[in-house]
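You will see two complexes here that share chain A, one where it goes with chain B and one where it goes with chain C.
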Partner chain A sequence: MNSRHALLMVAATCTVALLAAALAAPERLSQGDPGMAYAGPLKLPPFGADNRGRPLLGYLLQGASVVALPAIGAGLLVSFLGALGGLLRCVANPGMEALLHGLRELVGALPRMVVILVVALVLPLDWRGLGSLALVWALLAAPGAMDEAAEVAGRLGGARFVEALKAHGFSHLRIYLVHVLALNLRPVVVRQGAETAMQVVFLEVGLSYLALAENQPSFTHPDTSRSWADLLYLGYPSVILDIPTGHALVLGLLLIAGIALMATTLTAAARAR
Partner chain B sequence: MSGCLLQVEGMMVRSRRRVLLNGLRLSVDTGRVTALVGPSGVGKSLAARCLMGLVDLSPGVVRGTLRYPEFSGERDWFELVRGKGGRGRRRLARLTASLRGAYVSYAPQGAASALNPARTLGRQMELAAQRSRRPVGDMTAHLCRLLQRVGLEPSVSGAFPSELSGGQCQRAALAIAMSSMPRLVIADEPETGLDPVSRRAVTELLVELCTSSGSGLLLISHNQDIVHRVAHHVVELPFPVGEAA
Partner chain C sequence: MVAWLIWAIPGDPASIICPPEVCAGTTGLAERWNLDRGPIHFYLTWVSQALNGDLGNSWRVQQGVPVVSLMKLALPNTLSLILLASLPLMLGAVVAALGRIPRKLEQVLQLGGALPAVVLALVAAAVVQLHFGADMYSSQACTIRLLAGALVLGIADGALSSAVTGSRTLFQRERGQRYVQVARLRGENVLSNTLPNVAGAWAGQLRARILHLMSGAVIVEAVLRIDGLGDLLWRATLLQDFGIVLAAATFFALMSALLLLLQALVEVFVAWHSRRAPSLVSRQSTTRVAA
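This part shows the complex of A and B:
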C-alpha cells in the first residue's frame, strides 16, 4: 500500500465513520443515570457521561447527524461547481470567464460569517437550519473554487500537452474529462470540496457554541438534538474549575480533529502521486 | 504517388483579420525527411496543426488541398473545411481523429510542457501505442524497446514528467510519438529548449528513428544548420503575403 492509498483509507474511514454515526444517531438522548454523572470513559465506556449521567456517545452520534449531510453536500456542491468552472474555461468563452472572475471578486469581498448571520436572520423560521446555511456557505465558496479551477484549466488547456493529446487523436471529451478534469483539476476541486465540508462543520460548532454561551436555541439544529459544541461547552469548565468533565472536552476536540484529518487526508490523497 | 505519405498544395490559412499562411506546398515520402523552415511567427506550428486536421481559427483554411495518399488515396481533406465554417472545422477534426496518433503522430514543441504532468511516461506511451493501426505485440517489451532506442532507461517509464530533465522529456516525447508506429511523424521544433549538443543529438535521433522504421518525417524548425544536414527536402515558409481580410 503506497502513501496515497494510506491517505485515501484514512479519509474514507473518517467519512464512513461520520456517516455511520449520523445514521446510528438516536432521536433523543437517553434519560441517564444520575449516579453515573461525570463518569469517565473507564467507568462508562466508551466515552463517559455528562453531568446528568447521560452517555457522551449520544452527543457524538447526534452531533454527527447534525453536520454529516450538510457538510458533505456543501463539499460536493463546491467540487461540482469548481469542476464546472474548470471545464467552462476549457471551452474558452470570454464572456463566461469575465462573469466568473467578476463573481469571485464580488463574493470574495463579502465577509462570510456576517453573510451567514444575516441569512440566518432573514430566512423564515421553517427554513432555518444547517442545510440552508451550508448551501449559502457553499455558494459563497463556489466562485473562488470555480475561478481557481478555471485558472488551472486555463494553464493546462492552453498548454501543449492538450495540443499533443489532440494530435494523438483523443476526443475533446476524453481530453477534458479525463486528462484535464480527473487528472489535473482533481487536486483543486477535491481540496475545495474538502475544505468547504470542514468549514461547514466548524461553522455549525461555532454557531452552536455561541448559542449555548448566550443560553439561546441554536438555529443549526433542533433543541432535541445535541451538537458537538455541547461537548466543548460541557467540558470547558474543567479547564478553569475543578469539575471532572475534561473527557467531554477531549472528545469534542478529537471529533473536530477527526473532521480536519478527513479533509486533510482527502486533499493530500487527491494531490499525491 | 507510391511512397507519398503527405501532400499539400497551395494551402492558405487566414484569420478574420489577416492571412496567416499562403501558398504552402510540400510532400513527405516514405523514409524521407522534409523540413519546413522559417523564422519565428511565420506559422510553422499552425501549418502542422492544419496538416493534422486541427484548424482552430476562423475562417481557417480557405484554399489548398491536403492529401494523405497512403492512408486515403486521392481524398482531399481540406474539402471539408474550405468555406464550411465552424461546422466544417469540427467535422474535419472528427474525421481526422482516426488518422492522428495512428497514421500520423506529433512530437510537440517544448516537450517538458507538452507531456501530461499527471501521467507517468509509461502510461502516456501506452495510451499512444493503443492508437496504433499495427499490432504492437507485447506492450511492455514494445515500450522498453522504444525507451532504449531513444536513449532512456526502461525504468523511467514509471516516472512523471516533473521527474525528468528537459532532454529526457524531449526524448520521452519522441518515444511517445513513435509508440504507435506511425507512417508519418510531424516534429514541431523538437530541439526547443535544449542545449546545442542535445539539440543536435535529439534531431539526429528523430531522423534515425523515422528513416530506420520507414516512416516519413516532417521536421519543423528554424535551425537552418540542422535542417540542411538531415533533410532530403527543405521547404521555406516566408511571411505570408496575401489579400487583406
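This part shows the complex of A and C:
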C-alpha cells in the first residue's frame, strides 16, 4: 500500500465513521443519571458524562447527524460545479467563461459570513437549518472552485487539448471523464469539495457556539438535538474555573481535528501524481 | 440582494423579516419599513434615507436607539481589528513574494491555519479571561482582546497560510517565465520585472484575503466580546433586528466595494507604469552608457 492509498483509507474511515455516527444518532439525549454528573471517560466509557450525567456519546452522535449530510452534500455540490467549470473551459465558450468570471467577481466580493447571517435572518423559520445554510455556503464557494478548475483546464490547453486527444482516436466520454476530469481536474475538485465540507462543519460549530453563548436557539439544528458546539460550550468553563468538564472540551476538539484530518487526507490522496 | 431575497421567498415580507411569533404588529411594521409597496420602493426609500444619514432605529438589540449611533460605536473596532489582522498577512505575502519563506515554515503555517476561528478565539478568550478575571471589560483588557482577536483572525481558517502560499505560487510561476530569465541575464532586478505583471492578480488575492478577514470578524468579535460590526450583526441576526442587519450588511458591502476600488486603482497604476516603461528603460540605458 503506497502513501496515497493510506491517506485515502484514513479519509474513507473518517467519512464512514461520520456517516455511521449520524445514522446511529438518537432522537433525544437519554435522561442521564445525576450520580454520574461530570463522570470522566474511565467512570462512564467511552467519553464520560455531562453536568447532568448524560453520556457525551449522545452529543457526539447527534452532532454528527446535524453536520454529516449538509457538509458532504455541500462538498459534493462544489466538486460537481468545479468540475463543470473545468469542463466548460475545454469546450471553449467565451460567453460562458465571461459569465463565470463575472459571477465569481460578484460572489467573491461578498463576505460569506455576512451573507450567511442575512440568509439566516430572512429564511422562514421552517426552512432554517444547516442544510439551507450549507447550500448557500456551497453556492458562495462554487464560483471560486469553477474558476480555479477552469484555470487548470486552461493551463492544460483547453479546447486544443481535447482536439489533440480526439486526433489520437479517444472518445468524447473518455477525454472529458478520464483525461480532463480524473487525471487533471481531480486535485482541484477534490480539494475544493473537501474544504467546503470542512468549512460547513466549522460554520455549524461556530454558529451553534455563539447561539449557546447568547442563550438563543441555533439556526442550524432544532432545540431537541445537540451539536458538537455543545461539547465546547460544556467544556470551556473547565479552562477558567474549577469545573471538571475538560473531557467534553477534549472530545469536541478531537471531533474538529477529525474533520480537519478527513479533509486534509482526502486532499492529499487526490493530489497530482 | 437583501431586498431581492425578502421578496423572492414566499410569504409576507414583514412576517419574513420578523415572524409574528417574535414581533407583534406586523402590519404596522410593514408600513413603517415601507415593506407594503414592493421591493423597488423599499430599496429606494431605504437608500435615500441612508444617504441622509438615517438608518432607522434598532428594533430589538437596543430598542429605539438610532442604528447610526450603534454603527459609529462598532465601526472603529471592526476597522482596527481587520487592519491589525491584515498587517501580518501583508508582511507574510511580501516575504513570500520575495521567496524568503522556507517551505517548512509554510507547512507549519498551513497546520496552524487548519484551526477554525471559533476554536482559536475560544483559546484567546480563555487566556484573556484567566489573565484579567473580573477586570475583563477594563480598557486594558479591551485592547488585549482586540489584539488577540486580530491574531486569531490573522491565523485561523488558513488566512495567513493562504496569503503566503498564494503569493509564493504567483511570483514563483512568474519568475519561471522566459522574459524574467532574460532580464536576469541582463543584470536587471527580477522583482521590478515581475511585479508589474503580477500586481493585478496579487492585489486580487490580497483583497480576497481581507474579505476573508471581514467574514471571520463576525465569529471572532462575538466570541471575544469585541464591540464591533460583526458582533452587532450577529446579535441583530439572533434577535431578528432587521434594521441593524441591513445597515451592517451595507457597511460590509461598502468596505468590500472600497477594496475593489483599491484593486482597480492598482491595475490602473500598473497599466500607466507599463506605458511609461519603455521611455524609462531607454533613459536608464542612456544614463548607464553615459556613465
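Operating definition for what follows: the second predicted complex is superposed on the first by the 262 of 273 C-alpha atoms of A that agree within 3 Å, B and C clash if a C-alpha of one lies under 4 Å from a C-alpha of the other, contacts with A are read in each partner's own complex, and residues count from 1 in each chain.
Convention: contacts are C-beta pairs under 8 Å (C-beta built on N, C-alpha and C of every residue); 3 or more make two chains touch, one makes a residue touch a chain.
Worth saying up front: this structure is predicted, and the values here are computed from it rather than measured.
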* Asked: Does the superposition put A:Val239 against chain B (first), chain C (second), both, or neither?
  -> second
* In the superposed arrangement, which partner chain does A:Ala211 touch: chain B (first), chain C (second), both, or neither? -> second
* Which partner, chain B or chain C, touches more chain A residues -> C
* Asked: Once the shared chain is lined up, is A:Leu110 touching chain B (first), chain C (second), both, or neither of them?
  -> second
* Given the touch rule stated above, what does A:Val118 touch, chain B (first), chain C (second), both, or neither? -> second
* Asked: Looking at the overlay, does A:Ile256 come into contact with chain B only (first), chain C only (second), both, or neither?
  -> second
* In their complex, what parts of chain C are in touch with chain A? -> 1-2, 5-6, 9, 11, 16-17, 19, 21, 114-119, 122, 126, 129-130, 157, 208, 211-212, 214-216, 218-219, 222-223, 230, 233-240, 242, 245, 248-249, 252-253, 256-257, 260
* Interfacial residue positions of chain A with respect to chain C in the complex -> 108-115, 117-125, 199, 202, 205-206, 209-211, 213-214, 216, 229, 232, 236, 239-240, 253, 256, 260, 264
* Structure fact -> In their shared complex, chain B is touched by residues of chain A numbered 159-161, 163-171, 179, 183-184, 273
* In the complex with chain A, residue positions of chain B that touch it -> 49, 52, 54, 93, 97-102, 105-106, 108-110, 113-119, 127-128, 131, 160, 173, 176, 180, 186
